[in-house]
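So that you can tell them apart, the chains are marked A, B, C and D in the order they are listed, and the count of residues begins at 1 in each.
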Amino acid sequence: MSDANNATGVSGEAQAEADTPEVVHSPGSSRLQHFVRRYRGEPLAVASTVIFLLLALIAVFAPLLAPYDPNDTDLIAKFTPPLTDGHLLGTDDLGRDAFSRLLYGSRITLVAPFIAVGVGLVLGLPAGLFAGFRGGWVDVVFSRTSDAVMALPGLILAIAFIAARGPGTTNAMIAVGMGFAPRIFRIVRGATLTVRGETYIEASRSSGASTTRLIGSHVFPNILPPLIVQASVLLGFAVLTEAGLSFLGIGVQPPQASWGVLLRRGFDHLQRASWLSWPPGLMIMILTLCFQFIGDGLRDSLGRETRRE
Amino acid sequence: MRHSRKIVSALAASALVLAACSSDDDSGGSTDSVESASSDTDAAGTEAQPDDSVVATDAPDTSDAPDGSDAPVETDPPVPEVQSIGVGRSSVPVADDYDESGTFTWAYTVPVTSFDPHRGVSGFDQNWLFPVYDRLVYSSPDGGLEPMLATDWRIVDDGLGVEMDIREGVVFQDGTPLDAAAVKANLDRARSDEQSVLLPVLASLADVEVLDEFTVKLVLTGGLGPMLATLADRAGMIISPAAFDSPDLATQPVGTGPYMVEENRLGDRVIYTQFPDYWDPEVQRTEKIEFRVMRDDQTRLNALQANEIDMALVRQNQVGIAEGAGMEILAGNTPTFYNLSFNAEIPPFDDADVRLALQHAMDRALIAEGLFDGLCTAQIQHWPSGSFAYDSAFGSGLDVWDYNPDKAVELLEEAGFPDGFEFTVIVPSITGFQSIAEVLQDQFSEVGVTMNIRVVEGAQVSEEFLVAKSAEASIGSYSPSPDPDGVMTRLLLPDALGNPGHLSSDEVVALATEAANLVDTDERAEVYHELTQALIDLVPHSTPVCMQVRTEAFQPGVSGLDIYASGARDYRGVAVGS
Amino acid sequence: MLHYLIRRLLAVIPLLLIVAVMAFGLIYLVPGDPAVAVAGESATPERVEEVRIELGLDGNFIEQFRRWASEVLHGDLGTSLFSDISVWDQIEARLPATMSLVVFGLVMALIVGIPLGVIAGLRQGTWVDRLLTVLATAGIAMPAFWLATLLILFFAVNRHLLPATGYIPFSESPWEWFRHMLLPGLAIGAASAAEVARQTRSGVVSVIGQDYIRTSRAMGLSRRSIAAKHVLKNAGVPIITVVGLQVGRIIGAGLVVEQMFAIPGLGQLTIAAVQSRDIPTIQGVVLVIGSIVLFTNLLVDVSYAYFSPKLRSS
Amino acid sequence: MSDTAAVLQVKDLEVSALTDRGRVTIAAGVNLEIERGQTLALVGESGSGKTVTALAIMGLLPEPSLRREHGRIELHGEALTSMSERELSMLRGDRLSMIFQEPMTSLDPAFTVGQLIGEVLRRHRGLSRSAARAKGIELLERVGIPAASHRINDYPYAFSGGMRQRVMIAMAIACEPEVLIADEPTTALDVTVQAQILELLRSLQDEFDMAVLLVTHDLAVVAESSESVAVMYAGQIVEVASSDDLFTRPLHPYTAGLVRSIPRSDVRQRRLDAIGGRIPAPHEVAVGCHFAQRCDYATEQCATPVEIVVAEPGRRVRCCNWESLDLSESMK
């Protein structure tokens, strides 16, 4: 599923880099308060952050919160409807408590996207800095490779990788991460180019500042805002991709169960126990929406302060 | 990467050496590893038997090459009646007011990989091939072998030869006549062409002689029984020699069957239309037949409910819904069963008490009833109740190996495992098998045995459990031929491919050999009943959890249907309502 | 203009080359030595070498790739491991279905996404804008296969209004083709329409703030003509960019939706291939899909010239 | 105020702005009149409210950030302020036109110059495509663009700043408007081009007997091309006078300060005088005279609100002590 929704052009110079970050100069600390003040002004983003933290807590404390052992099968009591016999969300096709499985499922569904974005960062960030700073043929090679990788939809890339390496969450998420790398690469490269063009870089470089110090003190703070925005949007897409792979049965493999797997199992028995698919489906949407709104909130509060006359 | 045919079959074979226990299925999102009937490994002439594994219900059929031991010499073996299951019917006689110009639309889970019976690597191709190719011998629904292209056959040279009379006046779909020479050409191609996947199946066929225009003689090196059954399947399909070398034989078959391929849309559907000059017009009850590919279970159910298709395989949990939507159910026993197998060389499975303990820790009845809604018959005998080898006095055996966790714990203590032990089972990545694994995991934990589940895709199961022999245990399903000897030679005998630990007992081997060599069914039945008892004493490395039941749902107007004991999905003579 | 076209065309070639290298490289991702995996564990060393040559894995990576690439250029994508039918024939048979989905998805994105995006952009900050933005975000967040199921249950199974499964080629019956494509197109198109709406909105918002829009109003042009001509044409670049991106997204989503509607597209072929680890077919699919997306990107690049004349001459 | 000759009248205009401190008045009590064929310069430093006034006249205030609180704007007695947006849009570009400061961004890059001009002509004069094109060429020639018949098919990026300003002027005068508002038309141009543009405006004004409101912060521009001047400071008009009187006999201290700060070639001067302090932000504006805190002649009385009074026929000033001040000698 091709993904990020910023208007980065597709390829070539003509792209409308709508989100090329404007250089922010104000000193660190006050910028943080400034960011917090503006972020608090974004209702949707704040609500999403709260929900996300709640889900993270649920994932961590799932064993305590889950009323039943998620793997306890009870074939006689299978397909019990919600709110009966002490099963808040009923039981699945093997008689396991759907609510407990939903709580445990949150663990993979919350971790998987971070693996994907982590891989994306590990690949995209250094490459972006290197290409941005070094320029020349390095930039051309890296940029063209990133354009080529972006030509392949995320799910196709994941499937090709799984075909070779075999199914499983980690393989799936590594592949999805590889699909994210180009998007991260473009942001980092864009920011690095902008910063490199700034005069004060020339000044500090001439005064003997080492490249790493340059990157650390000047480049990094400036690529952080767009990077965080992009990362949160990509987290949303990773959740959907994981659900897609689980639907196809090649993502998370049992006995592990993610919300995607629960949604798939819900489908298999849709007409007999339709309530099974709603909770995981809704949770996937809510989590994806959280990441989207957090992304929007971050973009508005971190982004360039447009001065209106 | 130029692939020569040889490589294709080699790759297919090695990557997918599917002995008994591997599985393939086709349910949506499941592994769809496709077996090949050829195997390079020259283990005692065994061949990779396409397995009829199932996702919680009946999967595509089996009988790629039912190579059971030598079928009884007489031409008309006793008729093992197929027990009714209490759900739907096992056969639907032809209605008298069917629509002669109608189209029968059927949805299946896997596309056809090739219309060349000799080279198609998928064990499911025969369902697509049945309408186009007649076979020398016809395997009737009740498992008997009846004439088809071979009108009659006689055993000669005391069991090392078969003379067959070829039906006269039969014409191929390209107009060329069928004669003994064409039959010889086919059998020679099937057993000599390097890319043929039927080589091992026809290993015991030494030569084919044309006695006269419509008589051939098959010279064998042994195994007469299995040969006749083999000629009832892909090995017996006769292709028009003129089409042997045509490049599009894989997509445009030329056989003698009742229907011709009018259109083959890759991965979507095949549309067959009546072959006007067919020799048995009585079975051509529809103008056209359309086989469509629908991988996902839910999609097939949707198509049935939106009456876009006449018939399709349904899973156990869909039977109720299909009936609720006005569909009728065709259901019947099959020789296929779910099984939990161990490598008896890897401790602690070398200890009979441990194996017996696990038998008592397994609640077969709950699994059959709870997981499969009764559409799976819990039993411990390896042959279906319809088979003559089934000892009805012994019955399901659930009393012998009853669900008794306390006894299991006792046995474990005796065997030196007071607080149980831990092992890992490999399971194909198909929802049905994972459900069984998860239930067994729960049941074994009651007796202190921790079973870890490792999910791999289909081909990997046989690769690790049977070839590499690295896995301690595996869960899958096994579908032998209707003849009981098939189970022995390929699963239970020491050198069987499906027996990585070579677990057996002299008594079992002796009884199995004796039964294989006998001819009269009643006599063989006696020996198999003794063999069942011998197996109980042995506590074999692989025992059934329950015997699968095939369930298909069809629109009320459809008739002329049968459940084939061989597991084949042959819609010969199907009719649709107006 | 021609110069710009040629430059854009030449820019695609290296990309195609990289996609081809990635597709070819897949075989090396197979754990262990691919030749051994093919020849089988128990195969003799000679056997393994024989297989290595057959699979074209002898010699160094460059030679292998050159040989594979030359075969590809002659239209030979190799043969699927599990059927006698060549990979290209398999892919060619499935292209019409996938392309139909892409067409339907794009049309949805255009006729639903763009108007909603323009309206939200023009009425920025109003409740209309907020409603449409949340709707669009929800559209992106909803898994396509869930929407597909609800559509099937509602329209096909319970009401027989539209077919629940199947694909009818356009050549056979345009009307049936349309009826069969409607539900899957809707299921796949929703997310694309949402994506396009979001992007169009931000494009319109940024254009409306421009000085030349104020000049147009000062010259007394009507609101409608300003929106239709000046705003849309200048917002064209970001809009056409995101529309172009939808092709990849739709083919990706097709993997799941095709299975639910039993549509014989590239998605079905890919799933079958991944489950039987049929690497040649996967390589072929990756190459074809990559080329389709790159070709679409080229079209988008070229269309930039229409939207920004400055580009045309550069 | 005789309104017989007046083409455009602004009566008691007040405009407010939405800031993070809520709604704040950024211009109040603005009264202006422009007569046919005359140029009124509206002078003030940036932030004085002059551009806001111009936008208010055109009805182009971007809601909700800027809003006209009250006041009447009349074109030949017709009240623009009571017209619907549709009616106003029929009028803009036809009888009342405006040109802007930034030529580089004020022309739509995606359309040819011919299309841009053609659009105005087709909208207000219903000309056919070919007629509009012919008139377009004529207009381009009129505003001094060479090889007009070829350049009409060029896109804005192909024109220099000065040329683009000429195109904008061509669009504005296409329908021979009665009033032309020019918001700092030359600020973004270099000096030589500035003079040409001002000369062009002057000649167009004579040709169509147009009333021109010239918004600028540059007194040099005022001296050259306007008959009368209105000086704005912190949202208020502080002095209105003929341009000659303004430079010779400014009545308001702020005006005097402005005039003194013009570098004069004809007089040897020591150091340029600058007015101390800075312009108050809208919410910091005093109740009384807004200039009091920076005025050298401020008295207590200046703390009370001061109205603009007619000092002489055609001259107004908003300073309570204007009579007692003699600012002329400081002009020497």
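Keep this in mind: a contact is a pair of C-beta atoms (placed from the backbone, for glycine too) under 8 Å apart; a residue touches a chain by one contact, two chains touch by 3 or more.
Remember, it's a predicted structure, so these values are computed and weren't measured experimentally.
Peer 1: Using the contact definition stated above, find the chains touching both chain C and chain D.
Peer 2: Expected: no chain.
Peer 1: Of the chains shown, whose Cα centre falls closest to the middle of all protein Cα atoms?
Peer 2: Smallest centre-to-centre distance to the global C-alpha mean: chain C.
Peer 1: For chain A and chain C, what's the span in angstrom between their mean Cα positions?
Peer 2: So the centre of chain A lies 21 Å away from the centre of chain C.
Peer 1: Averaged over CA atoms, how far is the centre of chain A from the centre of chain D? Could you give it in whole Å?
Peer 2: Distance between chain centres, rounded to whole Å: 52 Å.
Peer 1: Whole-Å distance, chain B centre to chain C centre, using C-alpha means?
Peer 2: Centre-to-centre distance between chain B and chain C: 40 Å.
Peer 1: Go ahead and note the Å separation of the Cα centroids belonging to chain B and chain D.
Peer 2: Taking the mean C-alpha position of each chain, the two centres sit 92 Å apart.
Peer 1: In chain B, which residues are in touch with two or more of the other chains?
Peer 2: 28-31, 298, 457
Peer 1: Please set out, as single numbers or ranges, the residues of chain A touching at least two other chains.
Peer 2: Where chain A meets two or more other chains at a single residue, that happens at 166, 247-248, 250, 267, 270.
Peer 1: Using the contact rule from the top, write out all pairs of chains that touch.
Peer 2: Every pair of chains in contact is listed here: A-B, A-C, B-C, C-D.
Peer 1: Using the touch definition from the top, list the residues of chain B that touch chain A in their complex.
Peer 2: The contact residues of chain B facing chain A are 28-31, 297-298, 301, 315, 317-318, 320-321, 366-367, 369-371, 429-431, 434-435, 437-439, 441-442, 453, 455-457, 460.
Peer 1: Mind listing the chain C positions that touch chain A in their complex?
Peer 2: Residues 8, 11, 14-16, 18-19, 22-23, 26-27, 29-31, 134, 137-138, 140-146, 149, 153, 191, 195, 198-199, 202-203, 206, 237-238, 241-242, 244-249, 251-253, 255-256, 259, 270-271, 273-275, 277-279, 282, 285-286, 289-290, 293-294, 297, 300-301, 304, 308, 311 of chain C touch chain A in their complex.
Peer 1: Can you check the complex and tell me which residues of chain A touch chain B?
Peer 2: 71-73, 75-76, 78, 93-95, 166-167, 247-250, 253-255, 264-265, 267-272
Peer 1: Which residues of chain D touch chain C in the complex?
Peer 2: Against chain C, the touching part of chain D is residues 58, 60, 85-86, 89-94, 97-98, 100, 102, 105-112, 119-120, 123-124, 155, 157, 168, 171-172.
Peer 1: In their shared complex, at which residues does chain B touch chain C?
Peer 2: Residues in contact with chain C: 1-8, 10-17, 28-34, 40-41, 107, 111, 113-114, 116, 119-122, 250-251, 265-268, 292-296, 298-299, 302-303, 305-309, 457-459, 463, 467-468.
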